[in-house]
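Multiple structures are listed underneath, in structure tokens.
One chain, chain A, appears in both complexes that follow, with chain B as partner in the first and chain C in the second.
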Partner chain A sequence: MNLFASKDDLIRWIGELLKEHIVIAPVQVQEQTLFQPISKAEEVVFDFNNTTLSPKGWFLPPTETLFSVQKDDGKVELVPTQVERDAVIFGLHPCDARGIALMDKPFLEEPSDTLYRERRNRTALIGLACRQAQPECFCTSMGSAPDDPSNVDILLTEVEDGYIVQVVTEKGKTLLPKGLAEYKGKVPAPPELKAVPTREVISAMRELFNDPYWEQVADRCLHCNICAYVCPTCYCFDMRDYADKGKVERVRSWESCQSPGFSLTAGGYDPRTTKGERLRQRFYHKLFYFPEQFQDVACVGCGRCVRDCPVNIDIREVISNLQQVTEAKSGS
Partner chain B sequence: MDKELIQQIRDKARNLLEEGTVEGVIGYERASDGVTSRPLFVYNPSDTERLIYDETCAHNLVKYLLDKKGKKMAVVVKPCDSRAINLLLNEGQIERDNVFIIGVGCPGMVETNWNHKSETLQAKCRTCQLSKPVVYDFLAGGEIERQAEEETYSDITEEEAKSVATRRGFWLEQFGHCIRCYACRQVCPGCYCPVCFAERLDPLWLGIRIAPEENDMWQTIRSFHLAGRCIGCNECERVCPVGIPLSLLNRKLEKDVKELFAFQAGLDPEEKPPFATFKKEEVMEFEK
Partner chain C sequence: MGLESPFVPYLATLKTAIQLTPDIKLLNVELEDPDIRANFDYKPGQFALLSAFGEGEAPFGIVSLSLQKDGLEFAVRRIGTVTRALQELEPGDTLGVRGPFGNCFPLEDYVRKNIIVIGGGIGMAPLRPVINRILERRNDYKELLIINGARTPQDLVFQPEFPAWMKAPGTKLELTVDRGDEDWKGRVALVPDVVKELAPSPDSAIAIICGPPIMIRFTLARLRDLGFKDNQIVTTLEAKMKCGLGKCARCNLGEKYVCQDGPVFTLEQISQFLEQP
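Here is the complex of A and B:
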């Protein structure tokens, strides 16, 4: 059943949620929109293009302490970081919700990642359907849609005088405010998106590992980590032990296959030293290794990498080029 | 787009490739959004038709010469970018004989985002007075007279007038946004250490925490490494995905070096940079 909430209802609702939860929502920080914990409902931005960073950072923070070491009476104890409060991510777009569902696969598969699992269990997702698509959006080609409710607990859809509130899960039901009326109007049609044909990409990837194409694209790649850090499904990290002023802890931070040294082994050997090899790794992880292991392509079509790459390495173009290279090969 | 200028670039690129003078040409082509531009590497004469040049061609292509060491390459170079060539020559990173510089005059680059170009000139272009590249082998389109629209260091002087506490607060907040994607380093023609201090494990200069204090350390050391070396292309600020105003740091150091040593990086291919030279008669005040 669909319910209806006016904007004021939503603001009151967020206020209610804040009493018992950490609420993470899109807020304006200088020129960017970012998902951040809010302190009052009025901070929330409702009308936004995809945020600079995806909300994955709530589950896999840019930096977090996994555990600290405590010494007591000669005894050494490892104290894991505790997830202390329930949280709600408010206003995430369906593509970002799918990003979280994809991150679940490696992180929740046994042996699961403790901190990720705890945060995931204690976080509800209130999605916001997209009423407009940006030119870089291609979620419908990547298993989602601007109005896809499948990876959230509640989905909001903006209509003329307020929002349709679609309760998707039991968890969603427990978050609902009291007194919302039933919505009997029409559900607006989602915006149309330009399709990116992904047909045969995985099988193409199987054949193209040694293709000179990768060196060609890598020519202009700068090997920064922007694409990986803005991506809702890139989840590589590094870990290091810190010992500062008697405090010892193990820290985990984002890292990316584009970094020099990412694949450097202890013996000094690096299997991926060239730009082409590093660039290829990211696309192989998304379009081949991940689907081989977890069935889905590790891309949600949010368009962030397309939008933010300083040298316009456009994953849609890469997919299309791979198809062309394969066709040319099979034709010759 | 200046069609005549673009034709000159294409013709020159085609000649260089056909004659075998260079292995490749680094220039610009239209990006996938149909609005902005992106770097293009041309190896086949037929691909020279993809080359373009307009007010969205902000990328400093000189950085790519470091990836192509030992190969003969041509590169399309704007006046500001040309200073990077002198920097790399000064520092022995490239060989002049290996580089064919296709210089272009510059009307100023506009602010761009994916799928969007504005009418506003980039800040660095509002203070630019270079009518042509400081070094080139061929000049496409001729010189374009530039009148600086703004005073070069007015914003720096404003910053300098603020209290240390205010500036510290401002920068800690800015560095709080940093995600350590290292795009600033990767795009910078002056950042070419085989192993960056940020990745060195022994000695360990910098941790992996993406957090204000360590980000602060990263940005501070990086800007000091560029003191007297930054050529002002401002690519670091342009590519920063979180909008940190890095040019304030770089230009503050540029201003200091100019005042102390009467030196600006990349203007002269022969003059040794102040931090790469030592004169016995130099006595710093702290030594008195």
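Here is the complex of A and C:
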């Protein structure tokens, strides 16, 4: 059953949620829309295109302490980071919710990442369906849709005078405010998106690995890493120790396979020394290795990498080009 | 309640540190928790991540044979900040251990075969438990040929064990160096050339190799010249590793994660990876 909430209902509801939870929601920070913990409901932005960054950083923070090293009388103790409070991510789009569902696969697989798992268990997702698509959007080619409820606990859909509230999970039910009326109107149709031929390309990727295409497309790559930084499913990380004034911490931070030196060993050996090899790694991890391992493509079609790449390397175009390469190969 | 984080190492104490070569030390460490110590089983070829707290963590092959027999030993070559910090630890100091990780050399499958162990430099480290396991169960295997190369005579790693290896029945230790010195009476030759010269037979044989990539590349070519098939050649891959859990994706190579699927692979397996090391 769908319920209805006016915008005032939503604001009151967020206020209620804030009493017991950390609420992470899109807020306006200068020119960026970012997911951040809010202190009052009025901060939330409802009308936004894709946020600058996905909310993945709530589960896998850009940098976080995994444990701290405490020394007491020469005796060493390691104190792991704990998750202190329940949280709600409010207003994430279906593509970003799918991004989280995909991140679950490596991080919840045994041996699971306990910190990630604890945050995931203690966080509810209240999604917001997209009424408009951006030019870079292609979620329908990547297993999701602008109105996809499958990876959230509650899905909101904007209608003329408020929001349809669709409860998806039991966890979602426990978060609902009291007194919402049933919604009996029509559910608006989602925006239509242009299809990208993902499946055809994936099935051909084993043959495309050594194609000169990779060096060609990587020619203009600046290895700035923005694609990985904004991606909801890029999850490579680094671990380092930081010691400051006797305080020692092991810190995990985001890393990218596009960085020179990402795969460089202490002995000086590196399996990927060219830009083409590194760019190929990114696309193969998303479109081939991840599907081999977890039966899903590690891309949600949010289009952020398309939007932000300074040299217009466009994953949709790469997929289409690969399709052409495949057709040319099979035709010859 | 504390989380059992897979990123939090076991605490361990450095028991002894022996200088093996000018830049390699053999560290013997003892896990502090007796329950963890009792359950820390490992096999030749597996590795662990050692922490020098304040400097970081790095992967090392376990070079001892079993916890009960030898404790837990690592050959650490000074090559960066973590290895320097590990070498500077004094007996009694605390370090961290995560592991054991990865697969192992399937030595049970090599029973009744001739074994050729080929190691270069610090590449001998993961091969030491292979040699010692074969010597421990000497009757299970046929001839054992060890070819051990290093840059100079003083860089040959496990010299205190050479007499035992040489004395063992059916076992030959062939040493070679890139550059000799005044006292060196042995070979001055590259490992692949020694393989060519000694020409071990591929009949019922397994070659186990570890060393710098350039040594491996040319040694593989010589072994193939001698008729070794790719399923008779086994190596342990070097890869950048951070988490050891198949998550951080640093050691991802084609469809494989070296830390979980490896590090031990036959050449036949490696040749099927989409991305070649």
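In this text, the second predicted complex is superposed on the first by the 330 of 332 C-alpha atoms of A that agree within 3 Å, B and C clash if a C-alpha of one lies under 4 Å from a C-alpha of the other, contacts with A are read in each partner's own complex, and residues count from 1 in each chain.
The rule is short, and it goes like this: contacts are C-beta pairs under 8 Å (C-beta built on N, C-alpha and C of every residue); 3 or more make two chains touch, one makes a residue touch a chain.
As the structure is a computational prediction, the values presented were derived from the model and not from experiment.
**Q** Sticking to the clash and touch definitions up top, decide whether chain B and chain C on chain A clash or fit.
**A** fit
**Q** Check whether A:Arg316 is in contact with chain B, with chain C, with both or with neither, and answer first, second, both or neither.
**A** So A:Arg316 only meets chain B here.
**Q** Tell me which partner A:Arg85 touches in the superposition: chain B (first), chain C (second), both or neither.
**A** A:Arg85 contacts neither chain B nor chain C.
**Q** Thinking of the overlay built on chain A, is A:Pro271 touched by chain B (first), by chain C (second), by both, or by neither?
**A** So A:Pro271 only meets chain C here.
**Q** According to the stated criteria, A:Lys173 is in contact with first (chain B), second (chain C), both, or neither; which is it?
**A** neither
**Q** By the touch definition at the top of the document, which applies to A:Lys194: first (chain B), second (chain C), both, or neither?
**A** neither
**Q** Check whether A:Lys7 is in contact with chain B, with chain C, with both or with neither, and answer first, second, both or neither.
**A** In the superposition, A:Lys7 contacts neither chain B nor chain C.
**Q** Name the contact category of A:Arg240: first (chain B only), second (chain C only), both, or neither.
**A** both
**Q** Using the touch definition from the top, say if A:Phe107 reaches chain B (first), chain C (second), both or neither.
**A** Touch status of A:Phe107: second partner only.
**Q** With the two structures placed on a shared chain A, what shortest C-alpha distance in Å links chain B and chain C?
**A** It comes out at 7 Å between the closest C-alpha atoms.
**Q** Would you please give the residues of chain A that touch chain B in one complex and also touch chain C in the other complex?
**A** Common to the two interfaces on chain A: residues 238, 240, 255.
**Q** Where on chain C is chain A touching in the complex?
**A** Counting only chain C, the residues touching chain A are 2-9, 11, 51, 53-58, 79-80, 83, 94, 96, 122, 212-213, 238-240, 242-243, 245-255, 274-277.
**Q** Taking the complex as given, what residues does chain B use to touch chain A?
**A** Contact set of chain B toward chain A: 31-33, 36, 38-41, 59, 63-64, 67, 113-115, 177, 179-183, 185-187, 195-196, 199, 207-211, 238-239, 241-243.
**Q** In the complex, go through chain A and note every residue touching chain B.
**A** Result: residues 29-32, 52-53, 62-63, 134-136, 216, 219-220, 222-226, 229-230, 238, 240, 242, 251, 253-255, 259-261, 275, 306-308, 310-312, 314, 316-317 of chain A touch chain B.
**Q** Could you pull out which chain A residues touch chain C in their complex?
**A** Chain A residues touching chain C: 66-67, 69, 76, 78, 80, 82, 106-107, 109, 111-115, 118, 206, 209, 235-241, 243, 248, 250, 252, 255, 257, 262-267, 269, 271, 281, 284-285, 288-289, 292-293.
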